């Protein structure tokens, strides 16, 4: 279970990104995070991922507070989540294969398993033939698919996706949704930030709507 | 007038991105470039911008061939266009103000004019209050707006926009379209690559549809 | 295995940076090696000169053998004394009359006018040390007169001491500079890869996973730099030996430092060790986390 | 103006990199400065020693004044000759009889047994040069016997020549190393900003717009590095002078190189000039375009 308790986030230069956020997300839930540009969607995901620390308030994951993890615990904590970054955050001088394999490599999983699993994932995401390219040689949509593949390669219990369809064509976007719903059905918690009204409206899932750092609809 | 004459682009590892492209775009036209991810939309724009060189074929702008420009001429040629890059390509250690001002600075325009013009643009694009932030401190939608502002700050005769609405919320996207149509009305040639069916269908403009590097609809 | 693969990847990805890192260590090791050889040469040259500085005390005519022996023992017991030699009147005569002309002069005097003498060599040579010993000797009742090396030789010794200090300080500066440069180069590598490091941290890599390749890289760069540095010194030494032989006719190839036994075994090992150590220290000193 | 602003921005943005660049030039200038002072000291010390090496030719008894003059002129005309001094029999007598005992010995012989002599000083000193001159002199009919400095002094000169060669080569290596390091540092700066450069090119910046700040940056780094390097040498020199004075009692603060007149004007200007030049050369040598 994920719980935000009176969370504020004020960035440098006094920019208030989140203003008294109180939300609860159950285990296995599929939630959309909506709101206009600059509303604070990415900030909420970053707080959950410990990329940022709240200025005030506490965040609980499974009743554990995550603000005070030390460096090592934080690394382990992050491994329990998959994050599709809005700007992909791929390693630019490694191949597609290496990028997707990264979460397995850092946990020290056997090479044989890694190879098999990554090859499977590449096949599934339609990246066949691009394994050996570097991210800068990919189209934007392909980069996004690599980012998604990397986020789900370890089958984490929680997936945070920040606008994962922004650079996908409609077909690919629907395919991604189908796939995420499948994972959700298997018990994965998914938090999905998006602008895409079509997608949000189609599934009847809970939508947390933000505006100027405040929750306007839960 | 922009003309592609039997243009092929084969990337490293024998990846065929463009396959016999023949298109003509009139001065002042507003054209959509459509097609699924990896179809070659960005590649067409990159060729026009001389970021890439065609493997075969020729590209004419105003009846001038652009493949053989030397370094200096290429720099000047690029100044005649505004490019909204799909991945923004902002200078990460400069402020929003400096990023938007860059095209004016490199042409040596007076500082006073630059200041005034950039301030205007920041106001117009809803970036007020963010002038002094660095791009990494912006939300994705804000970054995209900075990229758009930079592309149009010199009022270039040609604007190339690569998925400029991908990270904008719907409202901002419509606003951008309104603005682009206005520029188009004043004679600016606009080539607009996008996945967004809603946007493409609304305006009744010409759509060049690509698939696997081939033009499937002009 | 994984680490080595990481290091290899780093090499492949940023050969440019690796070259700079290795090059810096090469320069450092070459400098240190050159400094070492230079210093050894000075030390060698110094013993040669120092052996020439002796303090001679001419003894009183008719000094008894017993009191002379007392004097010699007394001097031998002084902490600064390295060696004491005794030359009797006869020995002095034998030395002086080696050339015929002098013999004629002396013989014409009828009797041997040359006094017996003792020669004192000191352990360390400073102007003050020599002067103190001379004063000491002069105060002895057995001593008639004290002579010691010409003023110039003393000056020489002083200058050598100055050079010694200078080279020591220079050497120290170089070692400090090397560590600084190496750790800076690794910092630069970290800096150039800050994006990578940041992303790896985001994906859940632990500190050691991120640091290990940099440290290993530093060590490998150090090893290679040590090897190359040794090679540079080897090359330059050989060129210089040839040049010296051509210019001055002195064949220094037998000098122990440049001999194969020393140069190709001990010195090579030292260069590799020093290079590796520098690489390691540099990488340890470098920050693990890139500046934001 | 724009360029200076760019440079200032670069400083602000990557103080870390700037520090490395400036630091490297500082080390280089300090090294070169130290080398220069060391070399000047050796040169100074060398003249001191060299002045002691003279070749003395004792002339035949009864050689005529005219033929002696011919001999002197002949020797003066040799290209390697620096100076020729003539000592008559009387001069030799005056010199020898300065101490009472010797005067007694000589006077007891009835007539002056000391020969007239000429003393030759050479322009450059090599063992071979000295020996050749001695052989030359020995072949002259006017010359009875030739003597020259003791073997040890010759060895000394040879060793000094070796040191000279070594320091020269070392100096050369350092200059080359400095330019390499500086241009590498600028390359690194370019490398670290490759993304920026690429984006600026995309937006239509010309080559000179992109390169100018890097070159200016190199020059400014060079200037600052030169200043800092001079400061380092100044500091170390002062520390060493104090130390030398404490250890050997020699006060070198009057030595012309370390004097305020030389150190604070000419040497400072040279350091700034050399630093700036290094920065400029380094930035010129660096590639304008980053590696892809």
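Note that the chains take the letters A, B, C and D in the order they are written out, and that residue 1 is the start of every chain.
Keep this in mind: contacts are C-beta pairs under 8 Å (C-beta built on N, C-alpha and C of every residue); 3 or more make two chains touch, one makes a residue touch a chain.
Fair warning: this is a prediction, and the values are worked out from it, not measured in the lab.
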item	value
Third chains touching both chain D and chain B	none
Taking each chain's C-alpha mean as its centre, the one farthest from chain C	B
Rounded Å distance between chain C and chain D, as computed from the means of their C-alpha atoms	21
Distance between chain centroids, defined by C-alpha means - chain A, chain D (Å)	66
Mean-CA-position distance for chain C and chain A (Å)	62
Residue list for chain D, restricted to those that touch at least two other chains	none
Shared-contact residues (touching 2 or more other chains) in chain B	none
Touch-based graph of the chains, sorted into line, ring, star, complete or other	ring
Pairs of chains, among all present, that meet the touch criterion	A-B, A-C, B-D, C-D
Of all residues in chain C, those that touch chain D in their complex	16-17, 20, 23-24, 27, 30, 34, 38, 41-42, 45, 48-49, 52, 105, 108-109, 126-128, 152, 155-156, 158-159, 161-163, 165-166, 169-170, 173, 177, 180-181, 184, 187-188, 191-192, 236, 239-240, 243-244, 247-250, 252, 291
Footprint of chain A on chain C - complex, ascending	2, 9, 13-14, 195-196, 199-207, 209
Chain A-touching residues of chain B, taken from the complex the two chains share	11-13, 15, 35-38, 41-42, 86-87, 129, 132-133, 137, 139-142, 144-145, 162-163, 166-172, 195, 197
Sites on chain B touched by chain D in the complex	49, 51, 71-72, 75-79, 83, 85, 89-94, 102-103, 105-108, 150
